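Following are the structures in question.
Two complexes follow with subunit A in common, the first pairing it with subunit B and the second with subunit C.
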Partner chain A sequence: MKRTILHVDVNSAYLSWEAVYALQHGARVDLRTIPSVVGGDEKSRHGIVLAKSIPAKKFNIKTGEVLWSARMKCPNLVVLPPSYSLYIQCSNALVNLLKEYSPLVERYSIDECFMDLTGHCRNKSFEETAWEIKERCREELGFTVNVGISSNKLLAKMASEFEKPDKMHTLYPHEIPKKLWPLPVRELFLAGPRTIPVLYKLNIFTIGQLAHASPALLKQHLKSHGITLWKYANGIDNSPVTPGERIIKGIGNSTTTPFDVDNKKEAFLYLLSLTETVAMRLRDKGMMARVVAVTIRDTQLSFFSHQRKLAVPSNNTDYLYNEAKRLFTEMWQGNPLRHFGVHLSELTGNEFCQTSLFDNDFVLRRQSLDKSIDTIRLSHGSGAVIRGAFLHSGIPPLCGGVHESFPNMRSLL
Partner chain B sequence: MKVIMRSVDMICCTSKEGVITPIKFRITDENKEYKIIRIDKILSRDEEKLAGNRMLVFKVQSVINNCEWLFEMKYEFSTCKWFLYKI
Partner chain C sequence: MKFVCSKHELYEAISTVQKAVMPKATLPILEGIYIEADENVRLVGNCFDLGIEFSVKADVMSAGSIVLNSRIFGDIVRKLPESEVFFEVKKNYNTVIECGNSYFEIKGMSAEGFPMLPEIEEEKKVSIAQMSLKEMIKKTIYAISTDENRKILTGSLIEVQDGEFTIVSLDGFRLALAKALIKEAVEFNAVIPGKNLNEIHKIMEQKEDEVKITLSENQALFEMNGCRIISKLLSGEFMNYKYFIPEQFETEITVDTREFINSIERASLITSDDRRFPVKLMISDDKMIVTSSAEIGISKEELKVEMDGLDITIGFNPRYLLDSLKVIDDEMIRVSFSSSVGPCVIKPIEGDRFIFMVLPVRMNS
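Let's turn to the complex of A and B:
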């Protein structure tokens, strides 16, 4: 059956949400009309541009750029701190509005949604419905969106990227040669900084050239990703719109430290702090992990990662922390660090698990301790019980993550 | 009208149907003294949900110092705060 998919993308999401909230609370200036950015806290070294206004874009300010560099380009730049709870509220409002049209709404990221409109448009064409959604977002919620319409998620997403802001575009399969193929290949979804140089070497510069390239040649150079890109260039994508939570493949938390960490003691405290957060999340989902990975970034911004498969899956903070410590010790060469991450994967349910011959009462007692600590933290706040090691250390007892329910960007449709 | 957006202390009535009606509020003047303003007439009552934040917006009329004034009041559901929005 022919499907009709909409992709709704909020224009300069963080910034326009901040602007609308400020206007609602009596601000005299619309932040969208002046050079402004939403940026992290520079004191704790999270100082990068998260979102920018269109006037800021004219100063060549880019998302991900450090704030001091953005200020050099535009001395009058207005910098706002991010307020993630507001963004979740705005994102929920958008999802609720979309659900008035179809129950099949998938939140792809905090500011993007897919919606399957097939069979859900009465008395109106799909284009009219899309236009109505766009207008209602502006009138009722105060921020503008781009809406892309097509027969699958990939084309709908490509359509919403065409011209911004506050626009509606169609990209049906018969429009691909005219609208999609002339675009540079870097505009294609999943054509990233590592793929592009390979495609350029193959003399592929436009999406059309990629669509007409030999799939065998692409597979030879880019493995299975080459075939995916070739399919995308030809507008082939059969992924369904999946409302609700996706199956979790891994859980991870990372943090940038406010100071350079040059000794093992502080590094271990950061690993413990991250493991506390990530293990608590793991237990909250009722899961156990088989693989532990530790990532670090030094002051030269070099990135290192090391992982190991555990003998038995676990969700015990101490057990995972000891493994993280071991991985870190094997990997670290003594250079000052500014970023730590702990990631758990190969997740399994915690109803049944393989026990180890070496498991004893001590491990079981640790698990019941974890459970008690989680209960206390959930009912009285994450700071209700902390480990003594963090006292006067200047390191937060639980770190990583901005908000528990903050939806992250995904790389799969 | 000029945007003021100042939070105020409000006495309001919530009917058994759940309809909120502002009655009178107090606000500090430039001498930091409280001034009580009674709302004489509600001209319109709207709901906005800009940025997903629900607010009631009242266009109201009052007599202040023998002079009739039109102004707008806002009630924010998430914080239960009242604001003198525009005057």
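Let's turn to the complex of A and C:
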């Protein structure tokens, strides 16, 4: 069946939302009209550009760039700290507006939504509806969006990436050769920094060239990802718009440390601190994890990751922490570190628990301990009970876990 | 060195000793099979964890020894026609293999420097019928742990005491034990790596012929029909398994093995393995209800059992139960439950030729 899919993308989301908030609270300048960025906290070394205004873009400031280099490019740059709770509010407002048009709204990331309009426009054309959505966002919510219209999610997403801001674009299959194929191949969804050099080597520079390349050749060089890209370049994508909370596949947490960590003791404390929050969230969702992964980044920004499947799924902080410690010890070469992450995946429900000869009573006792700590933290704040190891360590007893509901872009449509 | 032997026997010897040859080694000689002609022909493969020596009947014309690459030697002999094989080592270790109308000449290596199997002459010796040991390994090997963090459990314990020969494997979630009687009055304990035990199991035949086991400090020697197998032992103390096997039970049933297997297999059809949905057993009034429920639906069936003790409801990972039940040949078995969260013990109706223990799944809801 022919579908009509919309992709709604907020223009410079974090910055727009900050600007709207500021204007509503009496600011006289619209941040969107001056060079400004939303950036992380430099003191704790999170200082990168998270979002930028269009005037800032003219200074060649890029998302992900470190703040000091952005300031070099534009000395008058206004830097705002991020406020995630505001962004979640704004994102919810957008979703609610979209739901007036169709129940099939999928929040793809904090500032992007897909919606399936098939059969939901009675008196208007799809383009008119899309236009109305775009106008209402600006008028009612105060921020601008780009709307892409097509017959599947991929093309709709590509369409909304065209000219910005506050624009509506169509990219129907018959428009692919004219609108999609001339674009450089790096603009294609999922053609990332690892893939691009491979494609360049194969003399593929535009999406059109990729669309006309032999799938067998692509598969040989890029495995199944090659086929996916070839399909995308040809505008083929059948994934449905899936509303509601998606099934959680994994829970993770990571943090950049305010100082370089060069000893095991502090590294372990960071791992414990991350595990505390991750395991708490896991228990909150009523789940257990089978796979534990630890990621680290050293001061050269090299990235390492190591994971292991557990003999039995668990949601116990100590058990998961011990596994994280072991993984870390096996992986770490001794170089100073600035970033830690703990991720849990292969989640299962906690209704059943395989008992083991080694830890029968112990497991039950640890479970009830976890439960009591969770209850205290929920009613009296997360700092109400902390582990003694963190006293005077300068390391927060619970790390991360603020903006968990909206992971960054998924690699799956 | 020169000899003639049958292709069939030579290939059997090669494929047996190949189990102990490293496919990739740092030294080429370690990827080889040692061949020695004396009165008979002897083939040896040795990867230090496991060493196998196999004798082949042959007509030896001149004695000598050589090492040939295991893969190429094996591939050649496997493809030869079923006939007499003529084997000769010429100058510079060039080796001729001739059979029917085919002729091969391959480069060998000097046998010097090949790690020969150590001689084990110890007092601690025990003999047991091959088919009996083979059966005991089959009954216990599936319960070996794969967890490298508890290395000792990646092997099986062989325990000889008071005229009993016992093999025990356990991985924390289940335990399997098989027992046989022997004549010797010796005592020994050894933990054989599961991987090696598996190879030994394959090499042994369904025969009354005995296998002789000799134990040294860190190695065990298995001798049978012209074959010597040396396995290293896992070091460390095996779990005190007896401590784990309960003796007091709340509920005991006698059940038909085949029927029990079938009903668990049917129940596990709808429980997908990755979510580890358990199979639930509800026992009361000489009946056992086997049920399962997963996202896709539920299943339920009733089995007649003979029952003693209290009513009980208990959940298990169906795979763990099936692994044990499937190696049982007895028509009827005795299943005992210590409690709804404690281990369950499966035994023959009489005696204790085997004891299987499975830990349940605790159901939180």
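The criterion applied here is as follows: the second predicted complex is superposed on the first by the 408 of 413 C-alpha atoms of A that agree within 3 Å, B and C clash if a C-alpha of one lies under 4 Å from a C-alpha of the other, contacts with A are read in each partner's own complex, and residues count from 1 in each chain.
Definition applied: a residue touches a chain if its C-beta (ideal position, glycine included) is under 8 Å from a C-beta of that chain, and two chains touch if they have at least 3 such contacts.
Keep in mind it's a predicted model, so treat the numbers as computed, not measured.
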Checklist entry - Does subunit B (first) or subunit C (second) touch A:Tyr21, or do both, or does neither? => result first
Checklist outcome for this item: Chosen between subunit B and subunit C, the partner touching more subunit A residues is B
Checklist entry - Taking the superposition as given, does A:Phe340 touch the first partner, subunit B, the second, subunit C, both, or neither? => result neither
Checklist entry - Looking at the overlay, does A:Asn350 come into contact with subunit B only (first), subunit C only (second), both, or neither? => result second
Item to check | Contacts of A:Tyr101 with subunit B and subunit C, given as first, second, both or neither | outcome: neither
Item to check | Partner chain(s) touched by A:Cys90 [first = subunit B, second = subunit C, both, neither] | outcome: first
Checklist entry - Regarding the shared-chain residue A:Phe189, is it in contact with subunit B (first), subunit C (second), both, or neither? => result neither
Checklist entry - Is A:Phe143 in contact with subunit B, with subunit C, with both, or with neither (first, second, both, neither)? => result first
Checklist outcome for this item: Residue set of subunit A touching subunit B in the complex reads 17, 20-21, 23-26, 28, 86, 89-94, 140-143
Next on the checklist: Touching residues of subunit B toward subunit A in the complex: what are they?
Outcome noted: 3-5, 48-53, 55, 83, 85
Item to check | Residue numbers on subunit A that touch subunit C, as the complex places them | outcome: 311-313, 346, 348-358
Checklist entry - How about subunit C: which of its residues touch subunit A in the complex? => result 147, 170, 172-173, 175, 239, 244, 274-278, 315, 317, 341, 343, 359-365
